[in-house]
Each structure stands twice: as structure tokens, then as C-alpha cells.
Amino acid sequence: MQEKMTDYILELKNVSFSFHTYGGVVKAVRDVSFSVRPGEILGIVGESGCGKSVTAQCILKLNPPKAGFFEGGSILYKGEDIVPKTNQEMRQIRGDEIGFVFQDPMTSLNPTMKVGKQIGEIIKKRKNITKQELRHQVIDVLEKVGITDPQRRLNQYPHELSGGMKQRVMIAMALIGNPKVIIADEPTTSLDVTIESQILKLFQKLSREFHISVILITHDLGVIAKLCDRVLVMYGGKILERASAEELFYKTAHPYTRGLLDSIATLETDKNAELRPIDGTPPDLFSPPIGCPFAARCEFGMNVCHKKMPDEVELSQEHKVCCWLQDKRAPRVEELFQKEWSNE
Amino acid sequence: MNNTEEIKDDDFQIIGKQLEQMESISRPALSYWEDAWRRIKKNRIAFFSLVLLGIYVLLAVFVPIFSPYDYAEQNSANLSAGISVQNWFGTDSLGRDLFVRVWMGARVSLTIGFFAALLNAVIGTLIGGISGYSGGKADMIIMRLVEVLYGIPNLIVTILVMLVIGRGVISLVIAMTIVGWIGSCRFIRGEILRLKEQDFVLAGKVLGVPAIVIIVKHLIPNVLGLIITNLTSAIPGAIFGEAFLSFIGLGVAPPTASWGILAKEGIKMLRVAPTQLLIPAFFICTTVLALNLLGDGLRDAFDPKLRGED
Amino acid sequence: MKKYILKRIIMSVITVLILITVVFFLVRLMPGGPFTNPKLTPEVKAVMEAYYGLDKPLPVQYVQYLKNLLHGDLGYSMSYSNQTVTSLILKAFPYSADVGIRALVFAFSVGIVLGIIAALNRGKKLDFLCIIIAIIGTSVPDFIMGGILQYFFGIRWGLLPIAQYKGIEYTILPMISLGFATLASVSRIMRSSMLEVVNQDYIKTARAKGISEFQVITRHEIRNAIMPLVTIMGPLVASILTGTFVIESIFAIPGMGKYYVDSISSLDYTMVLGMTVFYGVLLVIATTITDIVYGLVDPRIRVS
């Protein structure tokens, strides 16, 4: 990658992360590189188990410390590698520099602690803050995330709030430390559709108004389309395609991305057209395939796909893909893609 | 295949999906019981506990039959004797052979423990099962009753019942059952309520499978493991209960030996002959310990969440 | 919340009423019971018949009995002449309460700490040690624990007194023997509860905030892990209370338990029954209080 380092707030370089389990070592993230610009919304999309959550959590080193470990790579935050940092040093980054919003607001809030106190904890760790100042800041951040009547809310317990409200509290928690980056791991999966769009708008506001970078992890291409500037498509612990949101939808280059797009219904989809799910299941990450992880499920699969992982090919400045179909020896794929596309 | 393999031009031929490659080898299918038995055998602590309990049961059955002494036979010439070739565990303050008394006591205590726990489990399962399965009014009435009874301290009722019906092995079992079933009743009811909502039961109902078949084929096999586990962990409670009642003078009547009585008599003789307490104490504690460990092992063996793991 | 407390109190009043009724009728059922005991002298018999209104029909007797209870009148002891059961209980109860509270505090404080240590050191030697203590605690009945402690600390090593209750050194052995089983269950529950809480999502949230590990453990983990302990406090308090029966008679502490056991062996029925009612009510109150406390501690219960 030839981009200048200074353009990026966060950079992952060849990160591999694995877990020890009873069944052996699971290689959850394999050689993943990407970078985040200030103020942009970067989407990571993929099926469950593709390694997107692990990627997100390993940035803050939140994966269980004994079971999970880095096999290699570096994570540069403001140009400084955080992989070798101790837990103690990581505490300076967590909350203050990088905020995290978890998937399920129902279980991610401490049920026995008042909401205000849970939010305040992050800035309380910095010394010299008075009670009034703390309260003031908490109320301030609650207003920012659109919670009405914050004075009352901060004295409530999580179970007294609705799902959408809880997720707003989670976002307030991620926001109060004034971070540069917020990582949101499927932040709307457990919410109603109406609430979902409110929360997504909130993320948009954070990025536009406060110039915070958002890494948005999701399995929902609809969310990506609405919100993201750039998108990474992950599968089997690897990034298969990366592009601006527009290019991903209109110049799809990887058969897996194609499959994802085909398997969802949109308003434009003819109601008689069949949705086309991707056959098969994701690969076993105990012994990941040496070739392309998607090869076995790919309708354009070739022998070479099973033999070697393809290199990343640059299609345009923002658009890169890992697929043997891009090789000059391969059949002319664009035609195939177009053909499949027009069939519907 | 390996990484260094040469890539040829004809590798670039589209072969399409290779779904059969993804079929993973699943482990051989084991039935619920086979799986549980396999795991209990693998759990060395639980297996050892089972063996120890087996040995105790055999000793309790045969020692009183073959011993030259009778458990009630006093010998004023040989009071509180130490351990010797004639009296392996010594004698008590009335000159009775402690070895035969310990195993006679085991007979009484284990019988009471087992039957009290069994009766509690059976009654509790029946009532809890009916209550949970039928639901509605029957369930509501039973649960109100259970709620009120649950508030009354077990031991208090047991003591009262013992006062009314008098001492003895059967009285003890009855007294401990009168309120003892409530625990397993609540437990089984909850379990049945949970199972009733599960898809396989609903599917059976939708397909018109008769209730009796659902109960016999689906519900019972699914709770049986839990019942057995529960039963195993209830026996120590019943043994403690017997010991406690005997200790406060409401258990079996002397000269019958039970572990509770032996411990009580042992404590009286603590200054003179500590072995009179320590020996029965050893057997009470190891029995209860073995039952607890076996119960833990069974719980793990029957835990569906752990199925298939080692 | 008020509704919840009210409901609990009504439930416990019903339970107490049923308990009292059961006691009343069981006494009438008792063969060789208090009123037909041949040991009684005619004078005592006459007093008792007048007192219990035995010549009147059962319902009248029942109402009379309830009235007496309301006045805290539990009748006269049969073996301690001229003493009311109430006065004996009042004399003995402070001792029992003292032993009981000491044992409770000992069991809960040590048990919680052990459970936390075990959970934080899962799979290590300290964890193993705590598990062993828990297993011993659940496998040794309190009277055997009492006897063994008496033998070693009192008789063998002469470190602590083994009878009576006249000062702090007298309280140690009874406290340990009475509290040990409870300590074991507390540490066991605390350990598994901690291990469960550690895997909860909100712990990850807490970690993502960048607060110190110590704060994660104390504010988030322990605080939530203690909750399940409150639910079983009722039964544990009950087991400690009934445990005083044997512990007091082993250590010759002049508390209620000792009177209770003595009354059973001397067939002092009025005493046994009076104390049974007293114990029953005490236990019901104890469980009700723990239920209410649980409602106060866990905000989630308050709504339902």
C-alpha cells in the first residue's frame, strides 16, 4: 500500500489473530490490513464468523487475554504500534482515544449500576474532576446522543430504558471520552428497524459534526449503503474486497460480494425474482484453506483458487479485490458477472 | 496440495462450487445415555466415588451378617476398648463392637438417605410434572400450595412429624418426605415448562401425537438425567437430616445404630476415646463426599451444553 | 416495590398462620402427648387443662391458643417448674443470636472472599485450595465438625475452651463449626457466579472504557456476582439457625438449641412446641427479610 501514513488515524498492517480453544487454534483473523481516515465511516461487512468482530475487538485488545493472541502484524494508532502495549498502557487508549459500541445493548450495560455512573466512569478515571463537572459532562453527552430528559435518565437503571435508548447510552459511553475513533460492532442488529435508522443517523452525525472516524461492523449491506464511505468485505478471516460504497455496489468485483448482494431483497427487486442464497457454509477456521476461503462456495471457482490465495489487485484508487478472476489467464469474468446480473 | 505448487494455465478453468469439500467429518452419533455413560466413565473422580459407594453398600449388607458380634450386644468387661484384633474399630462406652455398629449404622443411614431422597424425587417429579405439563388451574393451585409450604422451614415440620408418629426408620423417611418433595417439584415443574415450549414438543403436538407419547418419548427422557442428578445430590441431605434428628434425640431409637447416633455417642466420649467419634465421622464424611462428587460428575455428564465434549 | 414488599409480607403471614395451625393440631394428635402424660401430677394437670381449655370444643381451644400466642404466651414448661416457655426463650435467645450472627458473618465474609479468590485464579493452585475447602465444608456435618474441632483445639492442643460461653475465646469454635458448611456453599456459589459474570457482555464494555482492572473487578464483577448469593441467604440463615440446635448442645452453650434438644429428650412437650413455633416464625421472618433485601439490592426485581 502506497498511501501516506499521516493520512490515517488508524492502520492495521498484516494483522493475524488467533484463539486457543478446546478444539485447537482458531485462526480468526488472517493477514488483515486496512486503514481509517479521520472523520470517515468505514464499513466492515461479512457473514457471522468471518472475523469482523474479532478484528474490531483486537484493535482495543478486548479479546480474552489468555485465549486470544496476535500471530503477527501491527496496529498503528496515530502512527504508534499498539500491539506491544500492556494492559495498563491500553487503558489510555480505551475510551479516551477509541470508543467501542457493542452489538447488544441489552446485555452490554451493567444491570446493577445507574446509567449516569456507567457513562461517567470513563472520565472519572482522569483525576481532578469535580462531581458537578462530571454530572455536567454526562448530561451533555446524553443530549448529544439525543436522549431527552437526561437529568432523569442518568439516575435510572438500564432495565428502565428501551432498547434504542440503551444503545444511545452505549454510544454516549463511547463518546464521552472524546475519542478520535468509534468502533461499532453491529450496533443496530438487535434493534427495531425504525430505531435502527435513528441510531445510524446518529453515527452519521458523529462523523460529520464531530469528525470522529467510525468503524461500522455489520452483516447488513443496507446499512453499508446508507452510511459508509468505504467498505471492506471480510470472509474466512480475510478481506476479499475493498471499495468506496458506490463502487462496491455498482462495480462489484468479487463473487462473494456478488453473492451477498444477490441474497438480499431491495425495493427494486422484482417480487417474483428468487433470492439467491450462497450455498454451503463458511470454512472451518481450525484449518483454514490455503487458497481463497470462498473457493469451495464460489460458482466461478477454479483449481487455482484452491491452491493459492490471490494477491490484491487494484481496480481503481479505492477499489481493490483479491480474486483469481482478475488474473489475465482467467476467463473474462466481467461478462459472466454482467450475464448473471442481467438475468434477474 | 501445497503453497509452492506450480500454477498452470489450465488451473484457470471454472469448475464451479465444490460444496462436498466442506462436508466435515462429524463424530459418531451417540445416544444421550451412551454419551452420558461415556463421560461418567472418563470422569475419574466420579467413577471412583461410585466404586467407593459400592464398597460401602456391600460392607453395610454383609458385615452385620458375618460379624461374630451383634450390634446391640453389650460387654461390660470391654468398655471403650481401643482398636484391636478382636474389635477392629474398638468398642463403645457400653462395650459394643464398633466395627459392626458402624456398618449397621451405614445400613440404616444409607437406607434412610436413599429412600427419603427417592421418595422425594418420585413425589416431587409426579406433582411437578403434572403441574408443569397440564398448566392452567391445576398448576396454579399446586403452585400456591407449594409456595406456602416452601415458606415453612423443613426441619421444623420434620421435627413435629417425628414427635407425632414416633421414632423409627420408616417414620424418618415419612417425616423427611412430607415437605422434602417441594424442592424437586419446583425444579421439575420449571424444567417441564421450559421443555414444553421447545420446538420438538410443539411439533409433536401440532402433528397430533397423543399426550402420553409426548410425555413418555420426549419429556421423560429429557428430564431423567436431571432427576438422577438431583437424586444423587439429595441423598447427602437426607443422610444429614437423619444424623441431625438422631443427634437431637428424634431419629432411630437405641440400641439401633445409625451414623447420627454413633456420632452423638462418640462426642460424649471425646475425652476418653476420640476414635469413637473419628471413625464414624470418617465414614459419614467420605460417603457424603463421594455422593457430592458423583452428583457433580452426573451433572456434567447429563449437561446438554457439554455434550460431545471431553 | 411497595407492592412487592406487601405481597411478601402477606405471604409470610399466611405461612406463619398455617405453621401455627399445623402445630396446634399436631399437638392434639400426639400419642402420649403433653396432656395424657402419666408423669404429670394431678395439680399440674389441672393447671394445664384450665390453661389450654381442654374441656372446651376444639375450635374454641384453637382461638384461645391463637390469643395466647398473640400475647407472646407459649405456656408453661413441664420440666422447669414455674417457668413460662416465653421467659426461658427470652433468657436463652441472646446466646443463640450471638452464636448465629457470628457464624453468619464469618461464613459470608470468608466465603465471599474465598469464592472471589478462586474465580480470579481459575485453574490455579489457589482455586484448587478453595474448591477443596468448599468440598470439605459440604461433606462434613456441623456436629462432626464441632466434635473434631473440640478434640483437636480443645483436648489435644488445649488452645481453646470447648464448653460454655463466657468470653470471646469461647465463641471461636462454635462459630467455625456452625458457619463452615455455609461458608462452603457461599464460596462455591460466589465462585461460579463470578465465573459467569466475567463472561458477560457488560464486563467487556467496562474493559473497553479503559478503567483499571481493579475497578472492573470490584465495581462490575463482584457487585453483580453477589446478587445470586442474596437469593439463597434465606435457606442459609435457616440452616445456621437449625444448626444451633446441635452446636449449642455440643458446646454446652445455654442457648435455645440446647434447651430444645434437652426438652426433646425430657419429653417437655410445651417447651418443644413453643420453641418450634418461635423458630418457625423466626425463620419465616428471616426468609422474608432476605427476599425484601434482594428486591432492594437488585434493581431488576423492583419492577416485576
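Letters A, B and C mark the chains in the order given here, with residues in each chain numbered from 1 onward.
Methods note: contacts are C-beta pairs under 8 Å (C-beta built on N, C-alpha and C of every residue); 3 or more make two chains touch, one makes a residue touch a chain.
Source: prediction; values computed, not measured.
Chain pairs B-C and A-B differ in how many C-beta pairs they share in contact, with the greater number at B-C.
Compare each chain's C-alpha centroid with the centroid of every protein C-alpha atom shown, and the nearest one belongs to B.
Between the CA-based centres of chain A and chain C the separation comes to 54 Å, rounded to the whole angstrom.
Centre to centre, using the average C-alpha position, chain B and chain C are separated by 24 Å. Taking each chain's centre as the mean of its C-alpha atoms, chain A lies 50 Å from chain B.
Multi-chain contact residues, meaning those touching two or more other chains, do not occur anywhere in chain C.
Across the complex, chain A is touched by residues 200-202, 204-213, 215, 219-220, 223-224, 227, 297-300, 303 of chain C.
The part of chain A that touches chain C in the complex is made up of residues 57, 60, 62, 87, 90-96, 99-100, 102, 104, 107-113, 121-122, 124-125, 157, 159-160, 170, 173-174, 177.
The residues of chain C lying in touch with chain B in their complex are 11-12, 14-15, 18-19, 22-23, 26, 29-31, 135, 138-141, 143-144, 146-148, 150-151, 155, 238, 242, 245-246, 249-250, 260-261, 264-265, 269, 272, 276, 279-280, 283-284, 287. Remark: chain B residues 1-3, 5, 7, 9-19, 21-22, 24, 309-310 touch chain A in the complex. Chain A contributes residues 22, 279-281, 283-284, 290, 295-304, 306-308, 324, 327, 329-331 to its touches with chain B in the complex.
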